[in-house]
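Going in written order, the chains are labelled A, B and C, and every chain counts its residues from 1.
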Amino acid sequence: MPENTAQASNEALLDIQDLSIHYITEDGTVRAVNNLNLSLKRGETIGLVGETGAGKTTTALGIMRLVPDPPGKIVGGRINFAGEDLTQKSDAAMRNVRGKRISMIFQDPMTSLNPVIPVRDQIAEVILLHEKVSAAEALAKAEEMLLKVGIRSERAREYPHQFSGGMRQRVVIAIALACNPELLISDEPTTALDVTIQAQVLELMKNLKREFNTSMIMITHDLGIVADICDKVAIMYAGSVVEIGDKYDLFRNPKHPYTIGLFNSLPDIEKDEDSLKPIKGFMPDPMDLPSGCPFHPRCDVAKPICMQAAPSEYVNVSENHRVKCLLFSDTTGGE
Amino acid sequence: MLTNKVAVDEAPVGVNADAKPRKKRSQMHDVWKRFRKSRTAMFGLFIIIALIILALSAEILAPADAINPGYDIQDLGNTFAPPGGEHIFGTDNFGRDIFARIAHGARISLYVGFVVVSISMVTGVTLGALSGYYSGIIDNVIMRIIDILLAIPFLLLAVSIVAALGPGLRNVMIAVGVAGIPGYARIVRASVLSVREQEFIEAARSVGANNFRIITRHILPNCMAPIIVQATMGMAGAILSAAALSFIGLGIQPPQPEWGAMLAESRRFMRDHWHMVMFPGVAIATVIFGLNMIGDGLRDAFDPRLKK
Amino acid sequence: MHKFILKRLGMMLPVLVGVMFVIFTLTYITPGDPVMMILGDQAAQEDIVNLRAELGLDQPFLVQFGMFVANTMQFNFGTSFTTGRPVLEEIGFRFPTTMQLAAMSVVISVLIGIPLGILSAVKQYTIFDNGATIIGLLGVSIPNFWLGMMLIILFSVNLGWFPTTGFETPMHWVLPSFTIGISSAAIIMRMTRSSMLEVIRQDYIRTARAKGQKESKIIVSHALKNALIPVITVVGLQFGLLLGGAILTETIYAIPGLGRFMVESIQRRDYPIIQGGVLLLALVFSFVNLLVDILYAFVDPRIRSQYK
């Protein structure tokens, strides 16, 4: 491990404050991300967990400033990255961040590569953009990256359709890591892959992350992946983080009724099948969020106040573990 | 509606409109709702409805006199009258009212469009469905025939058929209708191929539905979207081609007020009497424009992924 | 790649025989006796019988068709009924003009259609896009034989910029090639726009953005190559449309090309000319489509590897 980890790990690399992203359409406003708070230190990996529609991908695109506009708009909040607010940056300045300092791996490797360009050239493109190298050097470095992700040089000139899904995701990873970014956002990088390939790709990501000392946001709905490779977890519901904390703290002592519900809906091989308790109801329509706490219609322990007021402050459960829920705001620090 | 492609992950619940085996009525309802939203599509619909009304009321607007039908009442003392006044579109070389002729011509054009689309659609859909459903030798034979028809440029094929059958309304409709078959056959075959493999077809087969029933009840209804779009656009193409055939003298013959034939007649006078050229052309362009706008609107309404 | 071209050429052969069959059958079923056409009404019975035998018209259908194919394979298309000269000569003499007109129109339509389509897609929802879309719809809707006449009225009769008819000097070429080119440009523009819109919302475009690539570079090096693949097909199909359209345009502008000659031949019932002309145009169209397929493989690696 590089020696600067310990010293660097105290400063927050990414600090998102009250981020809100809306899609403004003819049919109404989709409130995809609402007052989201998230912070991440250098070298850390955080798992961003939530159901489909919780706003995970929009958050990621928001950090990249790639929310399609129109109709998407960052309507409020700050995204502090290494001391700079990304929401204030010009498009040109953002282009110097994308691919170089922050990279993203997308969900579906089958569609995220350009079908008419050889894979090597697709990696070389990002190198050429951000590093002062000749085209030949960029291509050579691209082949090096391919080797790192386990693809032999003789396949470098092949096209995406000649590779399997797992291999393509390796290419996408090579693109994302080619310029040694400080932050890597992985949006469900393995959901589209077979289970055995999933494990290989995750293992590869873990190793490369260590080698490059990259911070990472791992978007997933798979708590197993979180347990495997993350340091911290943030649980998202209806566009905001409802509970965030150190992986061990949060897994051992989940507080938010939604988090508890998530853990209860996981099958546990040691317990009886009867104990599986799915969360009732569905994710609310982000165009028409319920009043008060957005989770209250599905919450078993909701109090009358939950219907009127949304929790706005986080409550410290422990030093590394915070929750946003009215059940805890009148008592201090948990139970 | 937009988030489902912005970020598939974030799609609001229940907007996925392209799920195949859904309730019929609600699908048509959705399509109509989206169609109605498109201003251009509604404008196209307005144009076509207006033209239908014009065609239906041609006998009232331009009634026949004792001897001649309404489109052929000559006034040799008032030839080449410019537009305006008593004759809003002016008169032609025989002193006939051009508006009257256009109104009666609308009947011919709409009729031709309707019949031609029926010929091409019924034949093309049948061939395409058979070809797509039964692979192997039937598919091969049908597709080779289609390939042959497609190898001859559309208008040339229509011209060749009319040349063989002789000019006239009926033959023009047959010629353009036959030339249009390949378009439908290929579209239907492609959609049948994609629908054929879906589970609900397997399900229908497993409960003992026969091939005819599977094709007519399960496969074709699911291919309706491209067929309807093709029929709308095809009607535009049919009217245009029929007018073109009449224009080169192989189609509907004077004194019938077919728009293409009117244009052909006007050629001799175009240097001095532009209005004779103007109005029949505008009439053709208007129908085609209206139908194309409806077709565009329908395509977007059927496939919301294409439009935000 | 060579194998692929050879294979495609091999596939063309049966299609061309099929085209010959269609053309031959159409002529065969045509009412009217060609012998009477050649000899005139006053001909002696003996001459008629002799000429029938000489032309093989007394043979059964299939034998006649066999002879037709055999002759065609040796580039013997017979002689014109009206001029008595070999068909090949008559057609070959006029064919270059038609090809030149079609080629110029394709170039015009591509040069106008593709850039406008790209701009329109990139600037979706702007005034430019709306304007281009409506102009595109109009361009598709306006019949080109009418457009041709209007251009003559405006640019030749009123402004006097271009000659009305003929095809001798480059000044003569302008109006006819724009007449055909404009409607094709509209079709190509619409296709480019929708293909481009489809491509720029693909995930790999987002990947390119995530790399920090500039928007203009993304359009040129990522989107365009993908978006043009379906456009190539449309351009190829347009070529067929243009060959058919030549029939109309050459008639309007009195251009001494194959199209106008065929219209005249149909009116004169000069069947060998019609047969030869349709066959030649179908052959050219098939070659253009072959070219399109090869170009496809050149642009799209997925198709290329299918034929390796």
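Convention: contacts are C-beta pairs under 8 Å (C-beta built on N, C-alpha and C of every residue); 3 or more make two chains touch, one makes a residue touch a chain.
Just so it is clear, the structure is predicted and the values come from calculations on it, not from any experiment.
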Path length in steps (a step moves to a chain that is touched) from subunit A to subunit C: 1
Most distant chain from subunit A by Cα centroid: C
Intercentroid distance (Cα basis), subunit B paired with subunit A, Å: 50
Inter-centroid spacing, subunit C versus subunit B (mean Cα positions, whole Å): 22
Contact set on subunit C toward subunit B in their complex: 14-16, 18-19, 21-23, 26-27, 29-31, 134, 137-138, 140-143, 145-147, 149-150, 152-153, 157, 194, 197-198, 201, 240-241, 243-245, 247-248, 251-252, 262-263, 266-267, 274, 278, 281-282, 285-286
Subunit C partner contacts - residues on subunit A that touch it in the complex: 64, 66, 70, 94-100, 103-104, 106, 108, 111-117, 122, 125-126, 129-130, 159, 161-162, 172, 175-176
Subunit C-facing residues of subunit B, complex: 5, 40, 144-145, 147-149, 151-156, 159-161, 163-166, 236, 240, 243-244, 247-250, 260, 263, 266-267, 270-271, 274, 277-278, 280-281, 284-286, 288-289, 292-293, 296, 306
Interfacial residue positions of subunit C with respect to subunit A in the complex: 125, 202-204, 206-214, 221-222, 225-226, 299-302, 305
